[in-house]
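Please find the structures below.
Shared chain: subunit A. Partners: subunit B in the first complex, subunit C in the second.
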Partner chain A sequence: MTMNTNLNKTMHIKIDHVTRLEGHGSILIDVEKGRVENLKLEIVEANRFFENLVKGVPPHDVPQVVSRICGICCVGHQLAAIKAVENALNLSTSPQTRLLRVLLNESQFLQSHALHLYFLAIPDYVGVKSILPLAGSHPELIKKALKLKKLANDFTTILGGRALHPVMPTLIGWRKLPDKNKLELLLERLHESVKDIEEMVDFISQLKLPDYERETEYVSLKHPDEYALYEGEIYSSDTKKSVPESDYRQVTNEFTVAHSTSKWSRWNRESYMVGALARVNNNFSQLHPKAKEVANELDIKIPCYNPYKNNLAQMIEIVHCTHHCIEILEELLSQDLHMEDLTYQSAEGIGCSAIEVPRGILFHEYGFDNNGVCNHADAVIPTSQNINNIERDMQKFVPQMLPDMEKEALASHMEMLLRAYDPCISCSVHMLDVQFV
Partner chain B sequence: MKPKIAFFDFASCEGCQLALLNCEDILLELLELVDLVEFREAISEKSARYDIAFIEGSIHREEDSKRLLDIRSRSQFLVALGACACNGNVQARSNFIAPAENYKLVYGEEARNRVQIDKNYWPLWAHTRVRSVEEIVKVDYQLRGCPMSANEFLHLVKALLSGQIPHFPENAVCVECKRHGNECVFDKGLSCLGPIAYGGCDAICVNNGHVCDACRGLLPYANVEAHNNLMLSKGISKEAIKSRYRMFCSAEKMSQT
Partner chain C sequence: MIPVFPAQFICWMFSLYKGLTKPLITLVAIGNRYMGDDGIGIAILDDIKERLSEDIAVLAWESKDALSVASELLEIQTPIVIVDCADMGINAGDFKWFKQSECSLEQHHNVISTHGFGFSDALVLAETLGFKQELYFFAIQPEQIDFKQGLSKLLKKNIDVMTQSLLEHLDKLKTRL
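Our next item is the complex of A and B:
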């Protein structure tokens, strides 16, 4: 009888400060004679204690401070904070404000997904170290990716005044309304981008993604009338039920582990996944028809249990958001925009909010004392909800990969897995080096 | 040989690196002129010496401070990139709270206690206080702002690549704001630090309906007392003034309110 070669394999892999990742994380894997003895995803980002930083701040300044949790997710943090503070103070908003916020939020999906797919993830799948060699080998593709990214950034800038840490949106409404002429030009550019996006879909559909599956609990927002991004209830694929956003602590159940400065989460089982794949799995039927066609082209079967295919789900969402934003912009341009009265009365109270941001569900909660200043804050970030699930994927996939892969291939598959989740470690520590020891 | 440029991120939102990635129009062109040897957020390659090292983020732990000293020793020019590196930014607000209290508030009492007794925990978690880059190593140039200004970044890189000294005018945000013809924030009854804050941002916040929070820091010759009296005379409360200064801790040291 021949002995399986993986029974003899011993490898120690340590990937420190994984690159092409937002934030700092390491992967540590110990294989002794074919057995995975130790596997850890270490989060080594320095603590910034954001929950403490907003104490003593007046309500309208809270969104500006927490925007700084993360550059790539700043729109999501601002919107989550704005909604939570409004809930705490019982402030209501107009349909115009909702439309503007939906657009602003989806502009960030376009920007973040394009950045992640093209700059951070795709180099793995074509076997290069960064986008730079791609600019030589695939110049047209990279030009189109940069064009889409620029469109998305200009989109955020027109809606928010600035692509990073926008300044126009605030409690109740907009400090300054977006320029209607600029919105019209934006609409034209979105129409023009549809063809470029189709070509990007073609490219993505030819990539060979690793074929590994692990079924897990998928958690996302759910809304009765739309593909839930801006608001909704918290839905689990395990229970097939939703709970209101105010119950978010029963969902996240945060706990700490020694090897991570980010907190971990679990809900109905040992771990759950949030993000593009979770959303597409949970709310596929509500995607824009064009996005469903693309799902078909990319040959993704729903529900999909392959975490690497989160990258395909991101492509599907780029298509969804582009078409959805075109519709919303047409609706917005058919009406007159008006300045709202932004005055409000600060009061004692507590309020939370949930919003989908590119990496998954984001929860914020704030409390205000009787002087109207912030005395409580909590933020649960998509990446910190995913880390536990990523480590469990690794624990399942490493033994499957061991027989056929040498150390380097295995290490690179672990980095790719981590990147496929599009983790944002800056956010989660308010993650990633790979170590195989 | 092309100059070697490197980016290093410490505690920050990484938005300044992102601001560079957002210069889509010139990004590929710039990359032809320099060797980008470290840019963890976007590439996987690494190097022994750097012509220009950009430091993003504030410094919180001993291990971070050691890493920074090592980078300094291997760099010709070291640039503090963005408000976190220049001033500590919003995270420096945590300096007003004891580290153990910070752990308790964010991670809970049990985690706070474990951090202090379990040696497996503390090297990773040991949090001293939030420092700017300048508090640890010599800084050659500062690119201020939250986020940094892409124009200033390009100006600096072009100057250094052509052997010139980059120059950043020391004028107040107020000067740039006037140029845009904005309605004065004080006339809306809001507090503003524009008259005493470093410009260079083109008054982007006020242009878009907001106020100036001095994310770029206060000018060295700022007359803080006179500015506070001005705000008081506009009917702005002491609390609102203090809150404005504290927003980005850059201004905190100077505030006499």
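Our next item is the complex of A and C:
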């Protein structure tokens, strides 16, 4: 009989800056004689104080300013802010505006998921350090991923005026409507992309993901009529119930820990997960039929408790958004687009909103004084909701895998785990509320 | 009788002619005008685009991410001239014209954050995927790169000299092609 000496192993892992993600985070693991003494996911980015930047700003400028929180999820921040400001000022929108916003939001899903999945996450699963060796071994696949990302960027540009920090969407409607001819060309390109995406799915289905599970609370928006991305109530897989978006603070329950400049969140248990996997788990039945087929092909069983499979859920959402956008574009093109009256009356009030962005639910809240000027702002970002859950995944993973994994493999799996969540650490560290004396 | 054409028709004919002209060179300006001297490429392009002949295609890649740059490089079918600021270890405001083979670009493709992906990484990715066009750089040593709208006084003062030099290099390159 042989004894597993690894059970007595001692190791110290410190990954100072995890690569291939948005922002800077470090992983610290101390194992003494087979026992995990210390495990931390340190967030070391400085706070950015965006909530204070919008104080004193008029309502229609707020979405444009907060779009700058992130270059990847700028559309999400902008739409979340537009919806929250509209709620604060009691403004309503037309079905046309809703359709355009749904499209714009989903263009960002295509862009962000393509970027994360193919250029940041997949190198992990094929055992290479970056996109370059993968581009060398699978040039056609990477060309298809680049093509999809370009299509998504052009999609955002056609709807929003530019790919980064769009300028066309505003309160109530659109500053300038998208050109119908360009929308028709976009529809053609989306149809053409379906075949490329099928080939991308084939590749993903062959990847071997780590066999690891930890059941947690999955939180996402839920809408009675659709796979909730643009709007809905906040749903928990624990309670199987939803609460309105205005109760978001009861959901996020933000708190601080010493080793993170990002706040942490918890709801019905010690931590929860948001993002593609949470959405697919909670709203699987509302996915587009083609996306459900892909879920079968990728062998995702619902509910899925493997956080690495967040990457497969991203692929499922690429398929969902592509087909959903085709349907919405066809609907939009069957009618005449009309400019709407964008004048509004500024007023005192407070309003919040929730929207799904690629990394999970994003909450924004704004208040305006009786001069119609912003005097309160709050934003809770998906990554700050996920950080607590990621660290708990790591805490379970390390002792479970310790007997069979050497230090390098363990460190690499920890990086992969963090990357699988598609964290946007830069975004997560800007929500500190500063009171000046 | 002399036929008289409306101005709109003449403009349309001219744009059609420009559209049909196959470019010999693609001039690409890279930069961010909200980052001080990082906007020099865009500023030079703004300055000369009306003076360029129709066989030079012009692209402005302002604040474009590296993957989009790689994607667009793959679509270009002519020699490319990149106009950008670059740290070449020379005096601020000085500029250089050089071929890709004459320089080595620092790469960061396994970077800490995607914010660190730059042009050099986009280029390597495009080359890995089959990009083979001749590449020239017109590079300007910046004085100050910071969150600031507009160029430094030094670069602003020298912009006419830079644009003149760039036009001469483009003419020479066209002759050679």
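Throughout what follows, the second predicted complex is superposed on the first by the 426 of 437 C-alpha atoms of A that agree within 3 Å, B and C clash if a C-alpha of one lies under 4 Å from a C-alpha of the other, contacts with A are read in each partner's own complex, and residues count from 1 in each chain.
Keep this in mind: a contact is a pair of C-beta atoms (placed from the backbone, for glycine too) under 8 Å apart; a residue touches a chain by one contact, two chains touch by 3 or more.
Predicted model only: the values in this text are computed from it and were never measured.
If subunit A is used to align the two complexes, do subunit B and subunit C fit next to each other or clash?
With subunit A aligned, subunit B runs into subunit C, so clash.
May I ask you to decide whether A:Gly136 touches subunit B, subunit C, both, or neither, giving the answer as first, second, both or neither?
second
With the two complexes superposed on chain A, say which partner A:Thr256 touches: subunit B (first), subunit C (second), both, or neither.
first
Go through the superposed model and pick first if A:Asn281 touches only subunit B, second if only subunit C, both, or neither.
neither
Quick check for you: in the superposed arrangement, does A:Ser236 touch first (subunit B), second (subunit C), both or neither?
neither
In the superposed arrangement, does A:Lys176 touch subunit B (first), subunit C (second), both or neither?
In the superposed model, A:Lys176 contacts subunit B only, not subunit C.
After the superposition on A, what does A:Gln108 contact: first (subunit B), second (subunit C), both or neither?
A:Gln108 sits against neither subunit B nor subunit C.
In the superposed arrangement, does A:Leu53 touch subunit B (first), subunit C (second), both or neither?
Only subunit B; A:Leu53 stays clear of subunit C.
Just to be sure I read the superposition right, which of the two partners does A:Lys150 touch: subunit B = first, subunit C = second, or both, or neither?
both
Residues of subunit A touched: more by subunit B or subunit C?
B
Touching A:Leu120 in the superposition: subunit B (first), subunit C (second), both, neither?
both
Do subunit B and subunit C touch any of the same residues on subunit A, and if so, which?
17, 19-24, 71-72, 115, 119-120, 129-132, 135, 142, 146-147, 149-150, 153, 163-164, 426
Looking at the complex, which residues from subunit A come into contact with subunit B?
17, 19-24, 42, 44-53, 56-58, 61, 64-65, 68-72, 74, 115, 119-120, 123, 129-132, 135, 142, 146-147, 149-150, 153, 160-165, 167-168, 170, 174-176, 256, 258-259, 261, 263, 426, 430
Okay, in this complex, where on subunit B does subunit A touch?
9-19, 21-22, 24-25, 27-28, 31, 36, 40-45, 60-61, 64, 89-91, 93-94, 97, 102-103, 105-108, 111, 114, 118, 120-121, 124-125, 127, 146-147, 204-205, 207-210, 213, 240, 243, 246-247
Please name which positions on subunit A make contact with subunit C in the complex.
17-24, 71-72, 115, 119-120, 129-132, 135-136, 139, 142-143, 146-147, 149-150, 153, 163-164, 426
So in the complex, the part of subunit C that touches subunit A is made up of which residues?
The contact residues of subunit C facing subunit A are 63, 65, 67-68, 70-72, 74, 109-115, 124-125, 128-130.
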